[in-house]
Structures are given as structure tokens and as C-alpha cells.
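Here the chain labels run A, B and C in written order, and each chain numbers its own residues starting at 1.
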Amino acid sequence: MDTQVLISYLPRYVSAFFLTVRIGLIGIALAFLIGIFSAFCIHFKVYILSQVFKGYVELFRNTPLLVQLFFIYFGLPKLGLSISAELCGILGLGLLGGSYMSEAIRSGLEAVSKSQTESASALGMNRGQTFFYVILPEAFTLSVPAIVANVIFLLKETSVFSAISLMDLMFTAKDLIGLYYNTTESLFLLVSFYIVMLLPISIIGSILEKKVRYKMFGAN
Amino acid sequence: MNEILKVENLTKAYDDLKVLDGVDLTVSKGEVVVIVGPSGCGKSTFLRCLNGLEDIQEGSVVFNDEVINPFKGSPAKVREKIGMVFQSYELFPHKTVLQNMILAPMKVRKAKKKDAEKEALALLDRVGLLSKKDSYPRQLSGGQKQRVAIVRALMMHPEVLLLDEITAALDPEMVREVLDVVINLAKEGRTMVIVTHELSFARAVADRMIFIDGGKIVEEGAPGEFFDDPKTDRLKKFLESFSYN
Amino acid sequence: MGFEVLLKGNNMLRLLLGVWTALRISLVSVLISIVLGILIGSIMTLKNPVIKVITRGYLEFIRIMPQMVLLFIVYFGATKALGLNLPAEAASIIVFSLWGTAEMADLVRGALTGIPKIQYESSAALGLTTTQTYTYVIIPQVIRRLIPLSINLITRMIKTTSLIMMIGIVEVLKVGQQIIEANRKSSPNAAFGVYATVFLLYFAVCRPISLLSKRLEKKWEN
């Protein structure tokens, strides 16, 4: 491996890294909003909305992000809905992620036992208080491992953004290989930056998972 | 009386912590021995040493003149003759009640399927669960599961039956249906070693009571004497902790 | 809206053949993953520290690397490093098997260690030998936990195959792209209809499989 080449490539990778992280984080934030809202609607069987969101979750969980992006980026403009590649990336990640987050949060909500709800109302809490002080925190705790897994999954999925010409890490590597044929260096930097991005989250995730399990069952 | 199980100087330790410290016990054929004691006193561990689920550091367990712990030879051969029922039932979740019962007889005793089934159905009938023969464990109540677990152990024709806190996980209204089964077994003259917290049941079923505390047998005797006239302070304290006067 | 282009000539058939390419690669990779995953997952339950470090490292690396990156490492990296000219389809099967094996191994390990110790003990108490305990009690339970998860892995694999167009394999998305290109003049709106169709084709394939997986999981709960 040529150190000189590595150093000369580094700036491009760094800016691609920040682009990837930025779009990733905004997309994940969007996914959270969609996920919480749709999980709420489905769990409480909100009229019509619960059906709509159920359909949405099934549709996006059972299709690949790349196909979703192609549809949004190349298909929708034919109906007059044109958006930039970056917005398309955020929207695609948000919609895909929203469907996964929705599942994670909803199963958390379902797992909070009925007796918890009843004991809270026996303490004199009303429905809103029960939901916000008892059910939601507990459901969230239960969902943490699934949510962290989703965050990792979504950050990994950003690698398909290169297909709609976003200059993310993958795009940069592909571009540099195509231009200069320094395959080894390009791939090495690509792998390194993904490790930098995802290893910490993966480690935090497994620590959180242990904590949650401890909280729920008192032992590992 | 002919002795069937003889424990001598049994010592069980985890690293430096002695859980059982030189326990001696002899069980005769047809005898029902009930062991009580505070939580963590080592009574369940003691029971698990009797069929070799736990290895021991000193002493020996002799079953029908054969040393079975520490092991020589195949543990499976001995366990066939010593049945055990657990607090958490431990039915096999992927098998129906009937399949749970005939698995070990067919595989271990090489019983014919027809014979094993016939025997299983008769036993299920005796404990009032004939109608549940094709149910899966998850479809049964705790009390029903435990009754199945008991007759599943009987299918192996054990010479000794070990019962480890078999009602501890049950709702109070289900305790009775399980203990009635055990009392009937005692009447038939089955040899049993029972660990339990149900003192009135212990009194009704036991030929001999054992009180273990701190890994040692502190007191033993016939149930009448044991409950009405305990000799040691520790047993007095233990028994008092169950009463409200 | 661009759907009409699919009715022209054998366009729809070509699209379906593209689906088959994706399916074929997924199924081959899933089969390899299940076999190797069971093997490695079982090895992972051993207490040997060397085996632990190696398998954990493998799992962790595969888990945090996007499949697209793995695809590029194997497809372009192998060509460069080993001087090997790997066909794209072989490269993708290798990558998906590496990934699927890691996923499967973790599931197998979880299923094996998830059987409570006392199930082994109660089998022993009935006089079953170790082999009998595994054959009749433990393995059937492990398999019932694994089947829904393996089926679920198939859908994830199928979705991931959409990436192989990026290394030049002509699967459904690539066929779609070709159809759109070829009809740019006559059907300028083809992109909407074709990509919507590809979208729904994926859904039509994956949804029944994930439903089946969910059903089985429910049915075999505890």
C-alpha cells in the first residue's frame, strides 16, 4: 500500500465521511419521527391512520432501499415531483428507517404488560399520565436494542446512495478506483471510515443491550 | 428395613464456599423423607447431588450398593432408576403431553410404543389429565404441567423419586392438586426424597423430617416430634417464621 | 404514466427473468449460509478463547460493513490482490454467503445457548444420554427456533441482491433501467411505471415470505 496515495486521498474521504454521516443522521432522525408517530397510531388503532401506516410499514420493510431510491429519484419526477439527490437520500432513509423503527417501538409498546398499565391506573394516574410516565419509558427501554440495531443498519444502508450520485464514501471509493486504479488504497480507506463510523455505535449498542437486559431481568 | 440410598459425609463446595458440609443420610425402601430449611441452605443442591446433577467434593452417594456419586460408568443408567421432578416442570415444549411421557421409556428402556402409550394413558387418567394427552405444555396450567412432570418421571419406573420444590412456582389454588398426587404416591409405598416449603403437606406425607441449615443437617426426626417439639433453637426459629401467633 | 412500456414486446418477461436472477443468487447464498452458519454457530458455543476471538471478530466485521462495501472488496479487491478475475455472480454469492453465514451463525449460537440448562438436566434426570438429549430434546427445539429466522434471512438476502446491479449483474433493477433507456423517446415517463413495478415486484416476492416467517414464529413460541 502506498502511504502517499492514502494521504492524498484522505481529504476526499473525510468530506465524503461527513456527507454520509450528515445525511445518515438527518435520515435517522426523520426515521425516528415517522417511527414513533406510526407506532403510536398503530398501537392505539387510530382511525384510518393505523391502516395506512400498517400498509406503509409492510411495503417499506419488504423492499430494498436501492429500489425505493430509484423510484423516488427517477420515477417521481415523471409525476412532476423533482427533488435533489441529497433530499432523496434523506427521504429514502427516513421512509425505510421509519418502517423499521415503527416495528421496534410498536413491539416495545406491546411488550409493556397490561398489568403495568393497570397498576399505574390503580395508583390514580389518568390515561395520558400512564402513557407518558409508565408505558412510554418502559417501551422505549425495551426497544433500545432493536433501535440501536436499526441505526447501524440504516448507516450501512447509506452505502447505496452512490447509486443516485451522492458523493458518499462508497461513491468516492468507486470514483477513485475508476480514475486511478489504486484499488487497494481506495478500498482500505473505505473500510477504515466505515469502521470509524460504525464500530463505536456497535460497541455502545451491545453495552446498552446488556443494561436493558439487566434492568428487565436483573441478571445478564 | 433395606436401605436404598445411603449418603455419607457429602460435601459440596464452589471454590472455597462450602454449600454442603458432611451430610449423612440413609433412605430406606418405601420411606418418604422431607427436607426443609431456609432459602439457600443447600437443600436443593443436596437433592441434585443424589442423582449426580452436581458433582461432589467429598463423601459418596450409594444407591443399591453402587457408588453413583462420584460417578463410575454411565450416569444415564443410574438416573433411569432415580426420578426427579423440578420446580419449573421442564416439560419438553415441542412435544405433546403424551410424547413427553413416552420419549424416555422408548429411548432408554426401549419400551414398545404401544406399551409405553398404554402405560402413559393409564397414568394420565390417574392424575385426571387424560383429556390433555394431545395438548402442548404451553396450553396447560402450572398445576397441570407439574402433574404431567410427575407422571413423566413415573414412566421410567424409578426406585426413588426426588421432588425439588415442585409447588414453589405454582399459584396457591393449584398447589393442592399437585400435592394430592404426591400423597397418593406415598400411600402406594413409593420411596421419595422431597424438598418443600409446604409444612402442612410435609407433615402429612413425611415418614421422617430433615432440617438443613448452613449446609448441615441440624435436626431430624419423626414429623410429630419435629413439628411439635423441636429440639434445636434453629429449627424452632425456622418453624416460628411460618406462624402468625 | 409509463406502465405501457412493460406491455411492449417481452419487456415484462425480461423483468421477471431479472427477478429470477436475484432469487437464484439469494437462494444459493442462503443455502450456503445455513450450512456454514450452523457449523460456525455451533463452534461458537465452545468455550475456547481463540475460537471466540476469531469468530467474534469475523461476526463484528461483517456486521458493521455494508454489503455494498463487501461486494466491492471481493469483486475489485480479489481481482487486484489475487490477480483473479472473478465473475460478478460468483463474487456476489461469496459476499452474500459471508454475510449470511455471520447472521446465521449468530442465530444458531443464540438458539443453542438460549435453551435453558435445566432442560438438559431434566432430560438427564429421565435417564437420557447426552446424545439422546441432543437428538430428541435440544436439537428439535433449536430447529424450531431457527426455521422462522432462516426464512426471514431469505427475505433480507433477496432485498440485498438489489445491490448486485452495481457490479454489473443484470437483475430486475438493471433490466428496468435498460427498458427505460431503450424507450426514452417513445415513453418518456417509463421511469415511473417501471420503477414502481420493480418496487411492487420486490414487495410481491418478500411479503409472503416474511408473513410465513412471522406465522411460524408465532406458532412455535416457547
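Criterion: contacts are C-beta pairs under 8 Å (C-beta built on N, C-alpha and C of every residue); 3 or more make two chains touch, one makes a residue touch a chain.
Here the structure is a predicted model, which is why all the values come from computation and not from measurement.
Visitor: If each step moves to a chain the current one touches, what is the fewest number of steps from chain A to chain B?
Guide: So the least number of steps between the two chains is 2.
Visitor: Compute per-chain Cα centres, compare each with the mean of all protein Cα atoms, and return the closest chain.
Guide: C
Visitor: Mind checking the centre-to-centre distance between chain A and chain B? Centres are C-alpha means, answer in whole Å.
Guide: That pair's centroid distance is 52 Å.
Visitor: Measuring from the mean C-alpha position of chain B to the mean C-alpha position of chain C, what distance in angstrom results?
Guide: Centre-to-centre distance between chain B and chain C: 48 Å.
Visitor: Between chain A and chain C, what is the separation of their C-alpha centroids in Å?
Guide: Each chain's C-alpha centroid was found; their separation is 20 Å.
Visitor: Can you check the complex and tell me which residues of chain B touch chain C?
Guide: For this pair, the touching residues of chain B are 51, 53, 74-77, 79-84, 86, 88, 90, 92-94, 103-104, 107-108, 138, 152-153, 156, 162.
Visitor: Provide the residue numbers of chain C that touch chain B in the complex, in ascending order.
Guide: 118-119, 121-129, 132, 136-137, 140-141, 144, 220-222
Visitor: Which residues of chain C touch chain A once you look at their complex with the stated criterion?
Guide: It comes out as residues 1-2, 60, 63-69, 72-73, 76-77, 79-81, 155, 159-163, 165-166, 173, 176, 180, 188-189, 191-196, 198-199, 202-203, 206-207, 210.
Visitor: Would you tell me which residues of chain A are touching chain C in their complex?
Guide: It comes out as residues 58-59, 61-68, 70-71, 74-79, 152, 156-160, 162-163, 170, 173-174, 177, 183-184, 187, 190-191, 194-195, 198-199, 202.
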